[in-house]
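Shared between the two complexes below is chain A, which has chain B as its partner in the first and chain C in the second.
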Partner chain A sequence: MMTTSLETFLLLSPEITLFLAALIAYLAAAFSGLRAGWLVAVTGLGIAILVSGNQPDSGEAISSGPITIDGFSFYIRLLTYTTGLVLALIQSGDYWKSAVQDDSSQHKRRGTGEEAGTFLILLAGLSLVGLANDLVLLFISLELVSIPTYILLALKRTDAAGQEASLKYFFLSLVASALFLYSLACLYGLGGSTSLLAIGNQIQSLGSIAPPTIEGSIVVGTITASMAAVLLPVMLGTALAGVAFRMAAVPMHFYAPDVYEGTSTSNAAVLSTLPKIAGIVMLARIIALAIPPLGSGQTVGPVAEILLLQTWHLIAIVAAVTMTVGNCMALLQNNLRRLLACSSIAHAGYLLVGLAAVTAAATSEQGPLGGESITANALTLDGLASTLFYLATYVLATVGLFGGLIYLGHRWPEWSTSSNKRPRLEEIETVDDLNGLSTTNPVAAFCLATFLLSLAGIPPLPGFWGKLSLVTSSLSIGSGDAAFGDRRAWFIGLSIVLVLNAAIAAAYYLRLITAMYFKSTDKGVQADGGLSSGLAMVVCLIVLLSISIRPRGLFTSALRAGNTLSGNIATETMPPQTTQISVGDAMIASEIQKGNR
Partner chain B sequence: MNLLSPSTHLLLVILMPLVGAGIVWLVSSRGLQAVRQSAATTAVLTLVAAGWLILRYLMSTEAASNQVFAMVSVPWLTGGMFDIRLSVGLDGLSLWLFGLSALLSVTAIFVSWEAVTERAVGFYMLLLLLETAMLGVFVARDIILFYVFFEFTLVPLFFLIGIWGHDERRKAAITFFIYTLAGSVLAFLGLMTIVLWNASHTGSVTFDIEALTAGLSLHPLPMDADGGYLQWVVFLALLIGFAVKVPIFPFHTWLPLAHVEAPTGASVDLAGVLLKIGIYGFLRFSMPMLPEATAVAAPWLFALGAFGIVYGALVALVQQDLKRLIAYSSVSHMGYVVMGLFALEPVAIEGANLQLINHGLSSAGLFALVGMLYERFHTRSIQSLGGVAKKAPWLTALFMVFTFSSIGLPGLNGFVGEFMILAGSFQRAWTGVSPELQQSYLILSLMGVVGVVLGAWYMLWAVERVFFGNSRLPPSHLDNESQESLDLRWHEIVALAPLTVFVLWIGITPATFLAPSSQSVRTMTLASSNAFNRQMQPAQGHAGTEMITHNNESSDQQDRPKTNPTFQKPISVKQ
Partner chain C sequence: MVRKAAFLVTYFVTFFTKSLYSAFYLVSDLAFASLHLQIAISKPMDTILPVLLFVVIAAAVSVGLIILPRLVAPRRSGAVKEMPYESGMDPIHDTRRRFDVRFHLVAVTFLVFDVELLFLYPWAVASRSPAGIDAAVADGMLSSRGLAFAGGLIFILLVVVGFAYDWRKGVFRWR
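Up next is the complex of A and B:
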């Protein structure tokens, strides 16, 4: 069934480019040091983006061997590579920062040339996660994300805190991977195949051949609906645990503050963005299993319906708890990386809202046995699309923020005249270290403030557009139903939790802005983090501002990506029928006037 | 005049401050003088352009037929279900608030002329940015665009308070921001629910405010358990957002802090314009779109307004800080507006709409003058000031003008608004409510009258202590006196003179200002008034006043054509 042909390799050419670039980076690093590695990485990423951009985008899914290229994987791939490019710039800045430190420094770095190559492999793995349509490839590519992450964590910071962080992440990640592997095994057991397509067909058709009897044990193939009823919750729970770890969502969130604090700032930037992308892809793939493909006219069977129902309830709860916990924890933090870790937990919660919405949209109000197909129409917003849109806005602001922090580098030390000892360089660690930044480095302060306001969701910055689409897709669940149903109440509640969390989050983002703008300092910043991270920060700002003014481009591509996976009808920009309304409106207005006279 | 189409003209007015902010940034290297001159020029030009646009509106056919003038609509975020547009336009409701924003921005810049010398570039850029946001919020015709401007006003003000404010500025800035944000995000959910409800009933998504108003009058949000009390939920969500902004009595705690800590320029904009956005929100969204819920909530909000009047006045009475006193007087005065609005009587609502402008002028003037006092004497404490009139007679004279405007002296603007509000409230209390509520309405209206007396008391008492009597100033200030005059300087006159003109103008010919927005305001509140009248229907049988029954008949006639059968079914009234 699965044939790997030349076409497969052609479709994978961006990833292959990255692997080749990684090899070159490893080799080059051996001879000419670390900076050459990052040069290769940036070039390789540039080529990969060009190659993937040039691939034919026919709008249809192309399956070849274990991979599928559709709007979704296309979006994930481009998001991964562009994020990777900016992160590569930032990390090369991180190198520069370490290079200026003297030998007495605690965070002394041996010039390990493997970082750039390892990072490229991580990116290629992440892109493969989006492409995989097969359980084996899905798992392998997830490990291609995990293992380079361990290496990066261990390489970049060799002091005790760094070691602790990398070990913590390593062991927890192993547990999460194992749990996710278990859920993949359950899926194999359900579908009898490693192909996601086959498993999806099996799940969707389970129990739909004949209505279930009271005993609930109809034999379909070799799997009974009752067996599925046992397997599915187990699969769901373990999968969600794996996903929650990658996204740093409750209950697998607790490692994040410790690991972010212990590791280097650039690693924190990687951790707060790339694994989140992986987590969303994993979850979206599992949800898509229960949703019939685009335009098939197929209905969802009872088993799939149960799966969808359980999934959205579970995701909605996890989302609500995650954002609240993340934001409340962040309020208490004083260390910048810990604070951003908590913020990234909270954002994982926001991201899950869209996934809950897309899952619930595929269920019907009649309950598990309604067996109704998705009501895809132009009046609801696809939740997956809004999650993907929000993901991009979040990643953009976060990467820019970390870029700015790395660019700022160190405080000027306090010179003491009494001792001749050279003072120790202080890295920017706490919120107070940002005091007075608006006077000492106005450009960086402006960039950071803009990123923070975007994360807080202040209009018209991209974070606002992201939250707008999340809230819209969440509120539109069940808005067309005749009666006010349970599902609707759930999602109205979820939306309220979301916006209130946005207000809580503003408190700690404003704390950083307050430090930068309203407080003064006698110590400036060195801004020794390297020009490349400064460049990354400015690039992020420009992109951010242009998305604020014109959010349409990114939004439509997110929409297309979401639609291909969640089975919604791809609604190309339909000219809205405003004419009719305005005519009716004018009629009403004139009637009111008549009445007034 | 045909050179500039109204739409281009409107866009120009909104974008001018933004361009001006850019210019301020460009000339920043040339020093303070260049910075403030370019900022002032921008604000004055914007005011001229806005004034000209208002004149064009008054002469246009749209004004006569109560339609939107200078409509521009450009797609912004489209795709999927979104059809968010950059659409702006003027109508009778937004007209004067739009003008007020342009006017007070000029005041804000000129009162900061000497006061702000540190980091002046940022200050003037933020003031101009705030002006764009304020102008935008009143002309936005798209619900999301409205919200974008609504929330964006917070950002410049946050920085203005936090950087150039007084001792407690950081706390004030954060409190202000978080408090208002928490309210407005809930309002945002309410607005989105309206959009989605309309979409699911008309079959197409629109974010246009007019279309939504029309759609919601055809398919009102449900008020019963089957519909999840959705109209109530949405009304409460909007209420929280707008009530914090106004602020209505129990939500007012952020206001005194923000005002006292804010620099004068920011206080002028905050008191003069930003407080009005909440009321504007009620008029634009809650009242026309959610009439049944408004009708049920109206008595409660009427009462909150009346409590706010007396509470604000009593607290103002005991203040030692002059700026805090005026901040609490704002709470009291906004109480009148809320009371007038939720009397749901056309006279009172028009009065409330005028009172928005009146309060904008008088409170902005008073805050500006307090700022000038502070610049001269470095204190705002009523106890340590005294005998200012001798040293600064013109300053005193202007303070008196705005004081009298604020306490409603006949002949000045405040009187017209307060009179209309109180007249409308009493009219409602005597003839428009059910017998059970009549007594409460009368008492509440009387509280409004008491508020007028209290207002005169605390303002005049403060004036007496600050401006007259013996000088209680520490001797160090006397040296200052010998060197330069303490009276108004040219830029302060420029800042305040236009306000004085309008204070007198509105006071003498209020019809000039009432007429253009009258029809628009009545249209906006018609549905709510009708719903309230229907709710009070049993009472009118007893009262039997000719005027009210007549009113009621005509309103029923107006109502009938645009309602579907579900709208006609009797609304359950808790008796």
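Up next is the complex of A and C:
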């Protein structure tokens, strides 16, 4: 069942495509001096999207070797590639124009082949994070996200501020990786296997009467519930620290403003979106370990129950603090990239609300994921699905916003190390640089305003639908016997914090819009950052508007993805390996499984 | 600028491959220790004895290597001898002193071969030993021997690509 075969590699064909494209970009840059690295990147991403196929149904999961392709990983994969496509356009923004216009080599920015290849490897790694069903693959793919990020940070901006930013990110990221690795070691110690399935089975059955023996796992000695009670909180804390760094959530958020300010705008766009996706996936996979199969009739063991309780309390607290801290910091910023960094911290808090809700729902009597069936009614989204939906809308608006800022910038950044005479152009650096944009560049002003309104959560736009589904999912948590007080009160409080924070956030988003529409300026803003980033901005606007007109498509997709995370375990644990399921339960389970397909 | 870019890419990639597998050792060590902890709790003394023995020997070796030179080594002092790096660089100078980037490049290209060999050893050993790839195929972890062979070849190909990139970027020219 866990055989690594040729099929495994066929399932990985989109990632392999990206790696091949990266190799082509590297080698072509080195051998023939090909400067069109981003062209290779865009082509590779297009092919990868084409070969990635259709989204599998909720209950369906294809497992082969260390990977699993289910609705969840497919959603992450597609989100990664589409975001990557737009980000590739944005990053190539300051390249195309100079390549077309002047042929003298000093005017061309160097190293585009390396940048493009590194970026492609980053995307492949991120998509592998979603597919990983094994601790080793999970960690390797996370490093495959981190290492290219360091290189991109170091390559794109080479002045002192850029070096400071890249070093700061590098060291903190190492610490975060080490902490997450420690949590993986704890999980391995508990499960006796690197397979997430086996570990999940082990955690769920701990404390139950008959521990199952899983094929292929090395169970040495007997792991008692008391040992797990020591190991699991350590695992949870270190894992959450690693996740918090990737998402820029509160205990590990402080690097974000400095790094975003110190690096180039396109790097800030990469940093504010892709690692967040990775963080969500990491946390969702760890939560799913303790959630029993959907509809299997299996009850959560006492250890898993305690783990879930601790998890949702911790996530809820982190979410509330993150939202508030991020938004309050953003109110004070004048530098645009710092402001957007604080805004991305706040959005990490919103994203965590949904994960807290899904974890809390799993501890109630009504079953995992709130026990809701998949309905067409968009407002009964469960926690994970609303997080995934919100993630997509956030990523879209943020990428578009950064694309717009790069489009309005120019292709000679202030940190360019060339000794040539530079054109004196204005870089969009502070909020005041946006003054009077509605008269100098009305199209860009409209696009930026729409993205900002979506981030603020103004009704017809997708950001509003995302926040609405987050609030409804956390309000749908019923009362239960929580160890630390009434669960319903917790989630009502969390919803109130979320809504209040949305109001705070509107203040600084509207400040930018005010600058663009109601202030005047004597200097014109140069739109010299390259047409492709302008194109990326317009594409984001069109997708954003089409989602706000018809959010159902993305909703159902996110819903299917959210429900498969535990459904995936359901289809995997059903077969004869787990012996403790009685025949009747197994029959019911297989009926449900058929129904899902 | 090209050299700088090439240097940064090769430096980071190889350096982090290195730190990646030291991270691996950390995982395996911790996992190993926790497994033995379980054994220790569930089983009698004889299974934990090797672990204890290991700890004792490790401690003895490191303490011994501190004490032994103090007893045996000759002591001749002098201005140069007192310096932290006897034959290396001057320890007290401006922190922003420049030194040749070629030293780094040599170190990085060495790592390319180093990493390659480190990964190829277990692969080569496992292909012939009965407990290696054959056992993995028999257990159903792998579908065929050919896959493991192809995996090794792909790995070599990737290293060769890195090597060709280095070569083309002029890393091996000492100028």
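Structural remarks
As a working rule, the second predicted complex is superposed on the first by the 480 of 597 C-alpha atoms of A that agree within 3 Å, B and C clash if a C-alpha of one lies under 4 Å from a C-alpha of the other, contacts with A are read in each partner's own complex, and residues count from 1 in each chain.
Just so it is clear, a residue touches a chain if its C-beta (ideal position, glycine included) is under 8 Å from a C-beta of that chain, and two chains touch if they have at least 3 such contacts.
None of the values given here were measured: they were computed from a predicted structure.
Look at A:23: by the touch rule set out above, it reaches chain C but stays clear of chain B.
Of the two partner chains placed by the overlay, neither chain B nor chain C lies in contact with A:332. Of the two partner chains placed by the overlay, only chain C lies in contact with A:188; chain B stays clear of it.
In the superposed model, A:227 makes contact with chain C only, not with chain B. Once chain A of one complex is fitted onto chain A of the other, the partner contacts of A:517 are limited to chain B, with no touch recorded for chain C.
In the superposed pair of complexes, A:460 makes contact with chain B only, with no contact to chain C.
When the shared chain is aligned, no partner comes close enough to touch A:50: not chain B, not chain C. Touch counts on chain A: comparing chain C and chain B, the chain ahead is B.
When both complexes are aligned on chain A by C-alpha atoms, no chain A residue touches chain B in the first and chain C in the second. Those residues of chain B lying in contact with chain A across their complex are 65-67, 75-83, 144, 147-148, 151-152, 154-155, 158-159, 162-163, 169-170, 173-174, 177-178, 181-182, 185-186, 188-189, 192-193, 196-197, 199-200, 202-206, 208, 210-211, 213-215, 217-218, 222, 226-228, 230, 233, 519, 522-523, 526, 554-555, 557-559, 561-562.
Against chain A, in their complex, chain C makes its touches with residues 1-2, 4-6, 8-9, 12-13, 16, 19-20, 23, 26-27, 30-31, 34-35, 37-39, 41-43, 139-144, 147, 158, 161, 164-165, 168-169.
Remark: chain A residues 378-382, 385, 453, 458-460, 464-465, 468-469, 471-472, 475-476, 479-480, 483-484, 488-489, 492, 495-496, 499-500, 502-503, 506-507, 510-511, 514, 517-519, 551-552, 555-556, 559, 571, 573, 576-578, 580-582, 584-585, 588-589, 591-596 touch chain B in the complex.
The part of chain A that touches chain C in the complex is made up of residues 1-6, 23, 26-27, 30-31, 110-111, 114, 118, 139-140, 143, 147, 150-151, 154-155, 158, 174, 177-178, 181-182, 184-186, 188-189, 192, 216, 218, 220-224, 227, 231, 417.
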